[in-house]
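Next come two complexes, and both contain chain A; in the first it sits with chain B, in the second with chain C.
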Partner chain A sequence: MGDSQYSFSLTTFSPSGKLVQIEHALMAVGSGQTSLGIKAANGVVIATEKKLPSILVDETSVQKIQLMTTNIGVVYSGMGPDSRVLIRKSRKQAQQYYRLYKEAIPVTQLVRETAAVMQEFTQSGGVRPFGVSLLVAGYDDNGPQLYQVDPSGSYFSWKASAMGKNVSNAKTFLEKRYTDDMELDDAVHTAILTLKEGFEGQISGKNIEIGIIGADRKFRVLTPAEIDDYLAEVE
Partner chain B sequence: MSIFEYNGSAVVAMVGKNCFAIASDRRLGVNLQTIATDFQRIYKIHEKLYIGLSGLATDAQTLYQRLVFRHKLYQLREERNMKPETFASLVSAILYEKRFGPFFCQPVIAGLGDDNKPFICTMDCIGAKELAKDFVVSGTASESLYGACESMYKPDMEPDELFETISQALLASVDRDCLSGWGGHVLVVTPTEVQERTLKGRMD
Partner chain C sequence: MECVFGLVGKGFALIVADSSAVHSILVHKSNEDKVMVLDSHKLLGASGEGGDRVQFTEYIQKNVHLYQFRNGIPLTTAAAANFTRGELATALRKNPYFVNILLAGYDKDIGPSLYYIDYIATLHKIDKGAFGYGSYFCLSMMDRHYHTGMTVEEAVDLADKCIKEIRSRLVVAPPNFVIKIVDKDGAKEYAWRETVNM
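And then the complex of A and B:
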């Protein structure tokens, strides 16, 4: 692949026991646009800022929240292209599972396999860790679930979480506002309020993205018009 | 003589009221010679899922070992048992992987789903699934079994009556087949218990 000097793994341990590249990857995530997710009693909502570099960019062509399967959606903070690679691999894994078992993949299993891919890239030669953290939202036989997957490959199940810029303020806000018996609509309102906390400029349906999944088990991204309706309710 | 008739076998599964029964013969032969009279063809995957494998005995044993391996890994990863339908899809996929050098067995899968609804299916040696609501058969005695089951079966039988029916169907059919017989092995599975019984038929 390269010279002998460069064919060792970029993630070799430092004397303090850390993997420095993973720490740097987490920095890349931490400077990405804010994204968050909230698990309600009857569904999950994930949301993110959609700040585009210029007003000339066609915002309808940009979609940060993607589907992994019909009942699992994902949002990221960090490097967009890295997230696309992961989502592509996860979609394939989900379909391979279906081909084998003719059953939709459980959310935990998909998260586990995605995390395994991310871990692989911290222990192979000639590659670098992914510069994204993913928030995976899904609804399966075990009910609504929300998982965060980090560049190291560790994953956590959350009731509510945030990533990217402004993460500590967002998490404090969520800690105060979260209740176990929240309904999906309340969760969407809370998500919007949390995004609003650290938002620079005027928030609207065109510069945030929201994805929801309810008991119907169909993940969908809200249209800008729907987001504007929720924004009006929140005002 | 076909490879499927080398060892001789008969397997049948029937659906009852909130229960199912799966039965097989006990003969293991090598062409015309009988080698064993206590051969096991029905295997347990988990408490509510059984698979009967007819056809070449060595393939049946190997296939069973592979399926148990896959199921154990599934149990460890997903922390639950496989549903019968899922297991049937897995068996079908595994068999088709060997499309051009197949396992010479025909599986009969019988299980109780999550809601304790009975599920049975069979497939050919390359994984073509056939679901049925009443009964499924396989093995060298399959033609006789089809006839016997068709005439003796009725829907929604209680476990005891189901046991009688499947036993009579099995014994009658293997008596018409020189390669299967030497008694029978019957399992009746309900949501609460599993009854395993050995039948004594014509010992030839």
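And then the complex of A and C:
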């Protein structure tokens, strides 16, 4: 990666022992649109705001929540194009795993490989860290799982988490609302309420995105109509 | 003249292999262990070209161990079988390994399983199978006497029947055999069957 003239790492230590580029990358994440994830007893839900720069943008062509495999989905906060690169790499890694073992990649291993890519970009020549944090939701033989991956390449398993602009309010809200025995439907309602907390304007199926995965192990993004149904239930 | 055969019973899988290491007309040794313990719950019985057999099976064993060290969980038998097949397939058109393999394993939620992997990377999940000239006799014996859900005693009895056929009907029959079993408690050596003491 990078020109031969830039074979030195641009991410270097400050005297205080910090990697300032990573701190800046986290700032980029922190000013991105809010996203969150909740792990229920029988599934995982991830959600994000979908605020488009203008009303002229065709919102049906934009999808922030993506599939990495049939049973693993992902949402990001931060720079959209950076997330696309990561998701593209992760999708390939998942398929390479399948080619090797003819088995679906476990969620933990895909998360670990994605995180390894992100770490690479903090220690390679001529590149910058990714300006996204990812929330990875999956369901495999170890049950429902939710992971957050940061620009530094560190990853954590969460019961519920949020990222982006409204992160502190959202996390406080989730801490109060989360229970270990939540069902997937309850988790979707809680996710919507959490997004609503910091939402500017009228929330609807067209300006938020929700992805769920249940015991059927098929990740899918809800249609705007389905989101509107959940919204109606919440009100 | 090498012979490897195996079968799946009730809650276990069994692999039998001859134990002669032959070079042209010379028998180097008659107690060569050709059934490798791949990990705690997997057996790999291999027959074929001397150097290839050991090099390839050790390579597979180390990669299986590496996966376990890296990920904290063992590979399933199916995953290990597909990995092995993949390695044979990749090498096939460059630098082929002349090794035939029977891979037996026990997985917690699946039970026992047996995989047939030949030197040109054919992969089959089977209940019973055999490699070598001995297979002509073993397969017929197993076709006659095998049924699903055999006990360990019945399966070893069938293995002994096969060994008897090989010894009496194959012109340069290997004198000694090793029997190994894998079940929920792990992979282990069950017995040797020796006519020539080494």
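One rule holds for everything that comes next: the second predicted complex is superposed on the first by the 228 of 235 C-alpha atoms of A that agree within 3 Å, B and C clash if a C-alpha of one lies under 4 Å from a C-alpha of the other, contacts with A are read in each partner's own complex, and residues count from 1 in each chain.
By definition in this document, contacts are C-beta pairs under 8 Å (C-beta built on N, C-alpha and C of every residue); 3 or more make two chains touch, one makes a residue touch a chain.
It should be emphasised that the depicted structure is a prediction, and the values quoted were computed from it without experimental measurement.
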{"item": "When chain B and chain C are modelled together on chain A, clash or fit", "value": "clash"}
{"item": "Chain B versus chain C as contact partner of A:Tyr101, first or second or both or neither", "value": "both"}
{"item": "Partner chain in contact with A:Gln109 - chain B first, chain C second, else both or neither", "value": "both"}
{"item": "Which superposed partner A:Lys176 touches (first chain B, second chain C, both, neither)", "value": "neither"}
{"item": "Set intersection of chain A contacts, chain C complex versus chain B complex", "value": "99-103, 106, 108-109"}
{"item": "Complex contacts: residues of chain A adjacent to chain B", "value": "99-103, 106, 108-109, 112"}
{"item": "Touching residues (chain side chain B, partner chain A) in the complex", "value": "77-78, 83, 85-86, 89-90, 93"}
{"item": "Chain C partner contacts - residues on chain A that touch it in the complex", "value": "99-103, 106, 108-109"}
{"item": "Complex contact set, residues of chain C against chain A", "value": "71, 73, 75-76, 78-79, 82-83, 86"}
